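Structures incoming, each one as structure tokens.
What follows is chain A paired twice: with chain B in the first complex and chain C in the second.
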Partner chain A sequence: MSVTERIDAYPTRTIGGYGVRAGRPLPFGATPVPAGVNFSVYSEKATRMWLVLFEPGAEQPLAELEFPAAFRIGSVFAMTVFGLDGGSLDDERLEYGFRAEGPFDPEHGDRFDATRVLSDPYARMISGRDVWGTEPDRDRPCPYRSRLVPDDFDWGDDAPLRIPTEDLVVYELHVRGFTRHPSAQVSAPGTYAGLREKIPYLKELGVNCVELMPVFEFDEHDNPRSDPGTGEPLLDYWGYNTVGFFAPKAGYAATGRFGMQADEFKTMVKELHAAGIEVVLDVVFNHTAEGNEQGPTISFRGLDNATYYMLTPAGDYYNFSGTGNTVNCNHPVVRDFILNCLRHWVSEYHIDGFRFDLAAILDRAPDGTPLANPPLLEQLAHDPVLRHCKLIAEAWDAAGLYEVGSFPDYGRWAEWNGQYRDTVRRFLKGDPGTAGELATRVVGSPDLYTGRGTAASVNFVTAHDGFTLHDLVSYNDKHNEANGEGNADGANDNNSWNCGAEGPTEDPEIQRLRMRQMKNAMAILLTSQGVPMLLAGDELARTQAGNNNTYCQDNELSWQDWSPHETGEELYRFVRSLIAFRHAHPLLRGADHPGVCSGSDVSWHGTRAWEPDWSADSRLLAVLRTGDEQIYVAMNSHWEPHDLELPTPQSGTDWYLVADTAAEPPYDIHQPGAEPPLTDPGHYRIAPRSTVILLAR
Partner chain B sequence: MALSVTVTTSTDTATINLIGELDAASAPAFHDTIEQAAAAGVTHVVIQAHELTYMASAGLRSLVFARQKMGDEVRITVAGPSAPVARTIRQAGFDRSVTLVDE
Partner chain C sequence: MTVEVRSREQDGVTVVELDGEITSVTSGELQQRLLPLIGRSSTTVIDLTQVPYISSAGLRTLLLVHRRALREATSTILVGLSEEVRFVMSSTGFLNFFDVRESASSVLGAVRE
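Moving on to the complex of A and B:
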């Protein structure tokens, strides 16, 4: 019997001119089945539900098919629709949505609005924002329409790389900003295809994991503010405002106008994998683009507001995310939604891991109380499909829940280590009382991650949120005026130091010091145990002119400038060599904290060997790692030089100079095997505000 | 403009000539032709696209289908595509499935 002869491939009744039969409640969303498409949507309190079909781009619906009462199983409306192929629609061209009728009773959490056509929460693609930045038609009914994705991508032999977490060097980038600048010189600027063209660069730099800022479909026009200088509307450039959780951002695809964003995205992942680079997605489950009661009704609000959002007893939105609403992550239905979404990205897009934005919200109960054993986090940790995924938490939220070191980890979760960032920044600028804490941070923060190993700590000095590395050493204060909020947005507590002048300067002394400070940050980061994460462009001294919150800046302020210039080239060479050094020396990547069966030992030193100075005034610290080899890293944030007495290397070896951030290039870092021996084997004079790396061999 | 699809087959090569617009409406005809070529057991399929003015995503999907239907032992060439068609094929990554020959 052929597939088309299956008895379930025939309609049992006709609705709206289409043959239909009772559908299957699972999986949710639209699923091609023999001769038709199965549609399934959940709503606890909807009294009636319609499937709304559109021809591509058409303003008005082609048909509205009400789900008969008999097609409702539990709280799931499910219907298989036939004849789409034979009509003017087929799977590929079909656009659809749902219309739900139910109570509008905000005090009890219900906000149904049957005049709206809603997006499918499980939509595999969303149309409506196909080309980045094009002016939206705000009067268009159902601006975000759901679509299907053909299941025909040829992955060949592609498989997850499963690089041990402690071996990763993560590179956080914005898909559009990475190649949008004309100097990127790619054929499709600002797109997945453009990123593909930069894979050779990533490979040469040596990173083996890219962390992509949000790529779930969002609306870049979701920003009410304007540029105070030009009056031009500002966009939501970052996209932490999801419209479609299962859909890749079409505006990031050169082929989005043809509806081929899924193909383009998958090709990018496949080629990154072929280059030995994993792909981690920054995912935003803490809130949605629907905002508070003033926001647009796109999907969840109109389907089942009380299920998907955390509501106060009065029916108002809790705002733990700082954006108006909070996803009700530990409601069983929402848990399943998040789990299914992540499974989708792992199985359909071969994603290697996820970084969860404001992840502390993921362990809040429906009433907002933090849970000791949040079922969602446990479920994600043990899910078979996600078993080998990296799970990384931004372990805080916008309502003061700060869980760095205490995020429920289930033996699986890693964290963005905000304390690493703050400690290294304070040490670098010479704050007193930081040497002791720095010691803890550079060996994987055992105080925070006892029993979890160093891979629980994602170490970073800069990330998208905050200053770039260049700006960290060039500005004391944020300069966010271009964001249109009177410089009130963005963090005030940056632990930054401008090295003597605010912003651009012609003073060569200040320029030299800034360069050295950037190298210091990279040297500490890339010799620390834990997982180093670099912000894209920091290796080229990318500046945002002191703006530490460029969420709305789709312009040169955010875009990576690839023009070769002296500063960028010098820093790039230094960072690339440091990454190569890290890859070449497993001692720097030890998964265990010191003293935990690690096969390596850590000792601390000051100006005198074996005598670290832990006093509040200490601004110099050296760490010696000893295993099959020995690596000594001395960090001096003092404004004076110091004569270091070096610990005696293991018998039969001598100290060789790997890097000295105070040395002029090319002597600031030496290539593997070409490291020079020390002229005075037992001593080294460390310059003011510099970092020295020695290798015994 | 409608699509004209013609096929000539030699011992090991099927040549598909496309003239006009390959859009959603005409893609099924192209798809059927590719299926016939696959069934004929050739080792090389050449799609002559010199006179193809437009190719919708449905047509591109047919190329992906052809690749997977015929297996790796069959070479698929798209000859002389217009610049927009070639660019779209490359950006979506379909140039991994077929060989583009710009003429």
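Moving on to the complex of A and C:
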């Protein structure tokens, strides 16, 4: 069968030396079509629009093609451009942007600036920050240029894994920080390819989901601060400052300098999937890198400021994100933008889910009012392409909207459970009055998520934002001097306890207590119902020297140090075994809250079986889960030991010891099938500040 | 700018030596010259010793040739990859699709056996 050439593969006129014809308004962005490329961009108020073409690396444009009036449908400018001499455009040798003319009238929301070449909001790839950290040329016109990416990646049979949410063990990591340290011993440190080389480690650890901190293109140089010691500029290492929402971060690719970040990223996802590991992206839709009035005009501001940003009646930027601007998420055009962006990542990159940064902003109306039925969240919940991907909200914002437990969920949304974190931390350090709340937290927070099930609760003790687990038990206070703000940045309410000395200590007693506290945190987290999330490196006792806000620390403070050390090895073995224990026992992962038509039952115990102590000064709580088997977890944050009377196990079974955080390794945790029986079957002496896990069989 | 293509038949194997950078500029013509060589023998060895760089479009051309060979029930073997080319192919996953050997002579020796 021969393919008949299409009649629309020919130009209807010539502009700037290029053959062109009226384009298709959808999809937005640059799309290869027969013999050419279709460019489409939306702007409500632009009076004129140009497509600006560059050769890679060239400072000045190759050509500027104004969209003729006839090429405008509605508020969309669309043009198909054919190559010179009748050939097709060479997408590898092409960078582009738009120039938009329109009113500059901030009071009415308009900030057009026809002198600037803007990047395409739908750019599949952005060039300009191709190699991490290289000094940018700030005078270069259009520093972030849009590029095309072939969408022909060979996925084989790969597809998103669709692991039931309640079965996940999430591992939050920073692509660069995970393998940048020389001790990582990978061939491409700090990249997607480097992460790929660590898949065997992830598999051995047992996590089945990685949550990647922002990987949308951002500018690591977008940070005004300097190291107070050396005067060296500090980078934006975390990247919660998106420049290109459809583009993978080039500086995280070993092949970014060749423009092959998309292939490298996809290969990483494909191999993670092959190892049974899902990929969740931390996405930042609440604000953009354009900042406030003083910030750079990159894209949205120059295309349609009043559409994309929430503006006050006076035309100023609302700042619910704490970073200068707020994306106007529930404007219909922006809703479509976010939806299309997520569909792109799911269909083109096989992403399994998303964690939405400051997600409370996603349910605000254009004037900032929180909506009871935010159309964006409903749309994402029911979208056919996103139907099976995980949607996880960081259910608060920087302007005081706190929605943990009340985020509009449409039966789909899960949340970072900040209350879980706070409660477990307070319990661990021995605060009074926490036993009751702890009970609620370890069974999936039914007070917050009734009707939504335990999988709505992403449980965590630590995350990128805040202390690492090691630092949580080693510092009472944050130590953020290196961030250049006189220790004023970062959270103050850490609920941390240093176990007797601030920071590094040679005191063996304190060291032992810290180890036990880290194990306690992991033991509680990994035996709680809900979805446990670990911060990368916590299983190796990673330290940030007390810095709880390392957003700008692209150095040893943030990078995972893989050098073997005793503490790390001991903790790693404990955590790995705990994860395996969780995977082996569905009882710990029950999707229903206690008492909700599930095949399991939960009961509470204290030093006496069946007699939990809910009093304010109680620091001991034991939870017994009963289903096809029985698991008993006793948590003691008291500085005294207690003799526990154990509930009688189901007839024909006896209690076996799975873990005791107070025991020296290798007796701190026992391998499946090798758990020893208790010497005194009805009793167990729980040591001070320790956690005990028993299994009846 | 073109990639030079030199082919020869030896021991029942087609050996194709390429010389030059394979990029979007050169890959179109290269593809037209490579495809007719596929299927002449059961094995096509593509020697990249003189290829310092392969771009995204170039890698796609090689993969296309490989796919075409598979369709004709023949095989392709890449040899003579520079460290840089190997690194790029490995990082982007393209290496996984190919049978890669050290040099053309190692393949010819193996086939002869």
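The rule is simple: the second predicted complex is superposed on the first by the 687 of 697 C-alpha atoms of A that agree within 3 Å, B and C clash if a C-alpha of one lies under 4 Å from a C-alpha of the other, contacts with A are read in each partner's own complex, and residues count from 1 in each chain.
The criterion applied here is as follows: contacts are C-beta pairs under 8 Å (C-beta built on N, C-alpha and C of every residue); 3 or more make two chains touch, one makes a residue touch a chain.
Computed from a predicted structure; not experimentally measured.
Q: Between chain B and chain C, positioned on chain A by superposition, is the outcome a clash or a fit?
A: Here the two partners, once superposed via chain A, clash with each other.
Q: Tell me which partner A:258 touches in the superposition: chain B (first), chain C (second), both or neither.
A: In the superposition, A:258 touches chain B and chain C alike.
Q: After superposition on the shared chain, which partner residues are touched by A:653: those of chain B (first), chain C (second), both, or neither?
A: Neither partner.
Q: Of the partners chain B and chain C, which touch A:266 in the superposed model: first, second, both, neither?
A: both
Q: For A:154 in the superposed arrangement: first (chain B), second (chain C), both or neither?
A: Both chain B and chain C are touched by A:154.
Q: Of the two partner chains, chain B (first) and chain C (second), which one does A:191 touch, if any: first, second, both, or neither?
A: Both: A:191 reaches chain B and chain C.
Q: So which positions on chain A get touched by both chain B and chain C?
A: Dual-contact residues (chain A): 90, 92-93, 150, 152, 154, 187-188, 191, 193, 253-255, 258-260, 263-264, 266-267, 270-271.
Q: Using the touch rule from the top, collect the residues of chain A that touch chain C in their complex.
A: 90-93, 150, 152, 154, 187-188, 191-193, 253-255, 258-260, 263-264, 266-267, 270-271
Q: Which residues of chain B touch chain A in their complex?
A: 24, 56-58, 60-61, 64-65, 67-68, 87-88, 90-94, 96-97
Q: Which part of chain C faces chain A closely enough to touch in the complex?
A: Contact set of chain C toward chain A: 23-25, 55-57, 59-60, 63, 87-88, 90-94, 96-97.
Q: Which residues of chain A touch chain B in their complex?
A: Interface residues on the chain A side: 90, 92-93, 150, 152-154, 187-188, 191, 193, 196, 253-255, 258-260, 263-264, 266-268, 270-271.
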